[in-house]
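By written order: A, B, C and D. Residues from 1 in each chain.
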Amino acid sequence: MEQSIFILILPLLSFLVLALAGKKMPHKLAGTIGTLSLAATAILACATAAEYFAAGRNGAAQFTDIMPYNIAWLPLNDTLSIDMGILLSPISAMMLIVITVISLMVHIYSLGYMKGERGFQRYYAFLSLFTFSMLGLVVATNIFQMYIFWELVGVSSYLLIGFYYTKPAAIAASKKAFIVTRFADLFFLIGILIYGYYTGTFSFTPTETAIAAAGTVLPTALMLMFIGGAGKSAMFPLHIWLPDAMEGPTPVSALIHAATMVVAGVYLVARMFPLFVVHAPEVLHAIAYIGAFTALYAAVVACVQTDIKRVLAFSTISQIAFMMVALGVCTSTDPHEGGLGYMASMFHLFTHAMFKGLLFLGAGAIIHAVHSNEKNHMGGLRKYMPITHITFLIACLAIAGIPPFSGFFSKDEIITACYGFSTPMGLFMSGVAAMTAFYMFRLYYLIFWGKSHYAEQVELYKAGKIVEEPHKPHEAPAAMTIPLVFLAAVTCVAGFIPFGEFVSSNGEAYTIHLDSTIAINSTLLAIGGILLATVMYATGNSRITRVVNVVMHEPIKAAYHRFYLDEVWLFITKKVIFNCISRPIAWFDRNVVDASLDLMARAAQRLGTLVRPLQSGNIQTYCIYFLSGALAIMLVLLYIY
Amino acid sequence: MTIPAEYMLILSAVLFFIGVFGFFTRRNLVSLLICTELMLNAVDINFAVFNAYCHPDRLEGYIFSLFGIGVAAAETAVAIAIIINVYRNVHSIHIKRLKNLKH
Amino acid sequence: MSINLIIFSGLALVMVIAALFAVTSSKIMRATTLLLFVLFGTAGLYFMLHYSFLGAVQITVYAGGIVVLLIFVVLLLGKGSVDVTQTSMRRYMAGTATALTGMVLAIYLITSTDFAGDKFTAEDVTMKELGMSLMGTEKYNYILPFEVMSVLLLACTVGAILIARKK
Amino acid sequence: MNMLILFIIIPIVMLPALWACRKEAQVRAVMVTGSTLLLLLSAWLTVDFISCRNAGNNDIMLYTASWPWYEKLNIALSVGVDGISVAMLLLTSVIVFTGVFASWRIRPMAKEFFLWYTLLSVGVYGFFVSTDLFTMFMFYETALIPMYLLIGVWGSGKKEYSAMKLTLMLMGGSAFLLMGILGIYFGSGATTMNIHEIAAMNNIPTATQYIFFPLTFIGFGVLGALFPFHTWSPDGHASAPTSVSMLHAGVLMKLGGYGCFRIAMYLMPQAASDLAWIFIILTTISVVYGALSAISQTDLKYINAYSSVSHCGLVLFAILMMTKTACTGAILQMLSHGLMTALFFAIIGMIYGRTHTRDIKQMRGLMKIMPFLAVGYVIAGLANLGLPGFSGFVAEMTVFAGAFEVNDTFHRTVTIIACTSIVITAVYILRVVGRILYGEPENEEHKKLSDATWDERFTIICLVICVAAIGIAPMWVSSLIADGTGNVLANMFP
């Protein structure tokens, strides 16, 4: 396991090299350095994970946590210290694989996607930084190390969203992403501080006495930590940054805002799961409800978005909410007794990372081809981009939950877990799953079917209506299609991984078995959603669509504007904080605090002006003063004696 | 019959304060010099009077008056030199014009 | 009323009136001339005290030296020496008030004080006595001040030349 | 020969050397030699100090020495350092060293500038090595006076006004301070001026402490930008030339925090614990208020000055928490803020030197025009908002963790309020970054500007390395400081 340190060192080194010397490097070299180091990291990570799982279980048939490295990074007081190290456990091993694989795919993909972009080396440097921080986050040995890397992840996300730093939208989006998550992190930090103070440790697994010492404060701390997680994982109402984050380069969206960083919140809850489920079940259930609401909200909004990346962003929010729900509905650590959700959540995290990564990369290929994010500029692309089309379809089927693709298995476990919690929750999540199928296929049809935008443009061009010759969509280069194909292949087979063997809520092996009723029901629902989408969107502008658009005009408009949450956000930041708090304070500072001091100064000055004539420089006047003074003194003396 | 010392002293005091008054009110360097001479003169009288009335056997007051006259002479010489120089530079000996020393 | 008192009164009257006009006259030439009267009056006082050498010095140095110098400079400066501007009323009042207060105070002090003795002997100080005192080195002899005085006069002479010299 | 006295001697020797210089090159040579010597000296001191500690030398102060000065009043030039002073000396050396490069091309009157600059550093070094109340005060004043000329002569904008304001306010502070020092001296029986001896006697009557603790604390607090005595900071920093801003915000403001801890709290522990709540409220206001004010500023230096108010408020805030962790955090914060803000002011100065404006509304897209400076600015910004890997994070976390050790509602509440500053900081930093660095350059004049010169690059790189070094490996500096704070607190609450 000693090699595991290199999993962190390699990306960091690659970041440093690219950041310091990148500017002088040719693009190819920078790309190669980044990709090769990541490939090495991926191999190491897989090897480490394999070694970890191969090492087998302990006497109680559980996988134990292994800590190959742990140093006291910053001693705080006699008991508390911030440690840095590497912790290997089933979920961190799983995350290592997910992160390195997706990151490697994104690195390869970017070689094609970002070709010739200004700041190519910078891009790779940031990618390496991100990978380093994300890996550091998942192998964190304690909650504070997690927080440290959590922040680093946040900043690399900020840098990558703002990669096109000349684009105003990107600047705004990066700022928003950072500030919103930072706001959530504030709660995370307070939670950590409470946790650390009362339990006397930052470790994920405090001793029983420490927990007892914390007592009733522990749920509060855990809730606060969850708020931090909700910020990163875009739970309602802190999700507002994620759709905007799509302003970043698409591979970045795939890596950070779909597969890895946004699931950090889920990972956090999973990390603290034993504490949550035993000591704060009510918080866990609150998480479930928040998650369920977020899932629905995001699904509704996703149904009407026109920017394909935004659809994917909302679908990501929705899917992460599924994972949260799965964690939230757990009632015990035993997977057979209400602890299934943990495994389901992690499984979904794994499969979702793959197929959502695939979707984003596919979207990237499409955007690369048509130079636009808007659905109106697409349509009928299946002829031009066959590979992208097939892989995208696979991903859509997976996310919709159609067997035998991976999403089916994981989502099914989640819904089973929900039914295990309560029937309404199960029904609700099934409904949201059906909506998932609907909006994903809406997207699919809008992109690949219907009337080709290119064909229309060509006609217009021929008719002389537009001057510019339309750009013909083309299949992406090999660097981009290889990751697509790879991820599609993973998506096809990942469902058959005996995931429960590796990850389960109590570390014991758990054999996944499908509940046939639920499986059939949810598959039928998914197919229903797909059919509805087919009817509405497969042929372009169908009659039903028009009817729906007219009937549901207002709700659709509201959903399209994401129920005006961004406006609220803008109102709070721009109007309330900036104009109603900051400005008055600045004014107060200048005109009250400072002015009062100036007033003192001015009073002194006035006084000075008053006595200034005494010092006229006129000797005769001085003489008068002098003599008068002397006389006065004499008079006084005379009076006294 | 001798004159009481007080009379002499009162006379010198009156002269002195006339000089003071002049010094306060005149605006001309030469006039100021004249006033200074008046005051010095009054002081000299005092010395002489005190010597004569209080310690006629000694000569402190006498000598002091003598030196006072000498100092007055020296002072006047220097003052007049300065006045001439000032006049040469600012073409006036009016003290309002003499502000360059202030800065 | 003794003859001494009459002479004194006459001298005093002349001196005070001359002094008053000297400090108020707007013509410097006139002021200087009036100053001469005060100085002569002073010499007269010295003679009355039987300090004849002092009186002589007063006349030679003051009347003969200083006033001549003053007149000389007044003539040299011509128009520039005329006191043209009037003093402001405030200053006038302040000056008068201060001077008067001072005068009253001084007179009050002089009249209310009983001086140690009235041992006036009306004896002349002999030149020998004076010379010994000025040149002697014992107690109540003044060789050092005398020498300092001479140095001062020398310095003044040099300084006056230096200052008045054309650049 | 005592090693510490060298910290005073070297700059003093530099003064006549500078005086004798005729050419600018000579001035630079003297400055570089001198500041390098000081830097090496403080590095060596740090190493030696740590090895002494490791060798088991547990005296409160090491390298102590004392030369009587005016024995009737028990005034002596006593020197000695503990972990805190070592850290501060190191900080000072780094800032002085980089400040020389930051003002490499100062015009006009480079010689005079550096003379005052060196005199200023004499004061700062002297303050940090002294352990005698009177000499500390004397060096404190020595550090303040040159500031007036440095800002008034070489500054920009409303420099006379700012210089006057700064000097007057700080002098007002030192008037309080002088009263406080006299109060301490006579309160403790007027037998010694040495702070450790006074602390060991611990005999100042509580009633006296109640009077003189606030005076001393406010006296130093003015320099530490304690609300509402902070208003000199925005104007002063905005008008000061680059290296003076660096030295002032980087080191001089730390004199305030250091003095509050070393003199006010250390010598008057009872009053400190009883009256802390008042100042905790003030510092909490400083922290949040400074950060909020920074949001709506449009002048780069004002933003940074208010940010300094916020961060220095955190220093005092942490000191008042009176736990070892919080105090360690406070000193760490001083160190970290010193470096970060120096970096910030250096870069702002360099940007201003090119664009001749500091108004964020008039700049745009500097990332394209001067990438090096822009990247430096981003790094400084990220360090400022507490990104892990930079010193700010370490310091803030230590402060907050330490503040959380005090378990009552009042302290909890103010800690949480102070915590919000990390979000607000992010807002104003990113606002500026987004506003001036990103985007397309709009001003035609700006497009022609050049990137950093070698001396500027050197300054930035040095500071970034220091900031990152503390951020990446905080344990050594943290334990170095914890040694000092532990001793002080142990003395305060035996």
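Just so it is clear, a contact is a pair of C-beta atoms (placed from the backbone, for glycine too) under 8 Å apart; a residue touches a chain by one contact, two chains touch by 3 or more.
Note that the structure is a prediction, hence the values are computed from the model and not measured.
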Touching subunit A and also subunit D, the following chains: none
Chain pair, B-C or A-B, that carries the greater number of C-beta contacts: B-C
Gap in Å, rounded to a whole number, between the CA centres of subunit D and subunit C: 68
Inter-centroid spacing, subunit C versus subunit B (mean Cα positions, whole Å): 6
Length of the line joining the C-alpha centres of subunit B and subunit D, rounded to whole Å: 63
Whole-Å separation of chain centres (CA-atom averages), subunit A against subunit B: 96
Junction residues of subunit B, two or more chains touched: 20, 24-25
Of all residues in subunit C, the ones touching two or more other chains: 91, 94-95, 98, 102
Pairs of chains in contact (touch as defined earlier), listed by label: A-B, A-C, A-D, B-C
In the complex, subunit C residues that touch subunit B: 2, 4-5, 8, 12, 15-16, 19-20, 22-24, 28, 31-32, 35, 38-39, 42, 45-46, 48-51, 54, 57-58, 61-62, 65-66, 69-70, 72-74, 76-77, 80-85, 87, 91-92, 94-96, 98-100, 102-103, 106-107, 110-111, 115-123, 125, 129-130, 133-134, 140, 142, 145, 149, 152-153, 155-157, 159-164, 166
Residue numbers on subunit A that touch subunit D, as the complex places them: 72-77, 80, 82, 144, 148-149, 151-152, 155, 158, 162, 165-166, 168, 171-172, 174-175, 178-179, 182-183, 185-186, 189-190, 193-194, 196-197, 573, 577-578, 581-583, 585-586, 589, 593-594, 596-598, 601
List of subunit A residues in touch with subunit C within their complex: 620-621, 624, 627-628, 631, 634-635, 638
Partner subunit B, residues of subunit A touching it in the complex: 617-620, 623-624, 627
Residue numbers on subunit B that touch subunit C, as the complex places them: 1-11, 13-22, 24-28, 30-31, 33-35, 37-38, 41, 44-45, 48-49, 52-56, 58-60, 62-63, 65-67, 69-78, 80-85, 87-88, 91-94, 96
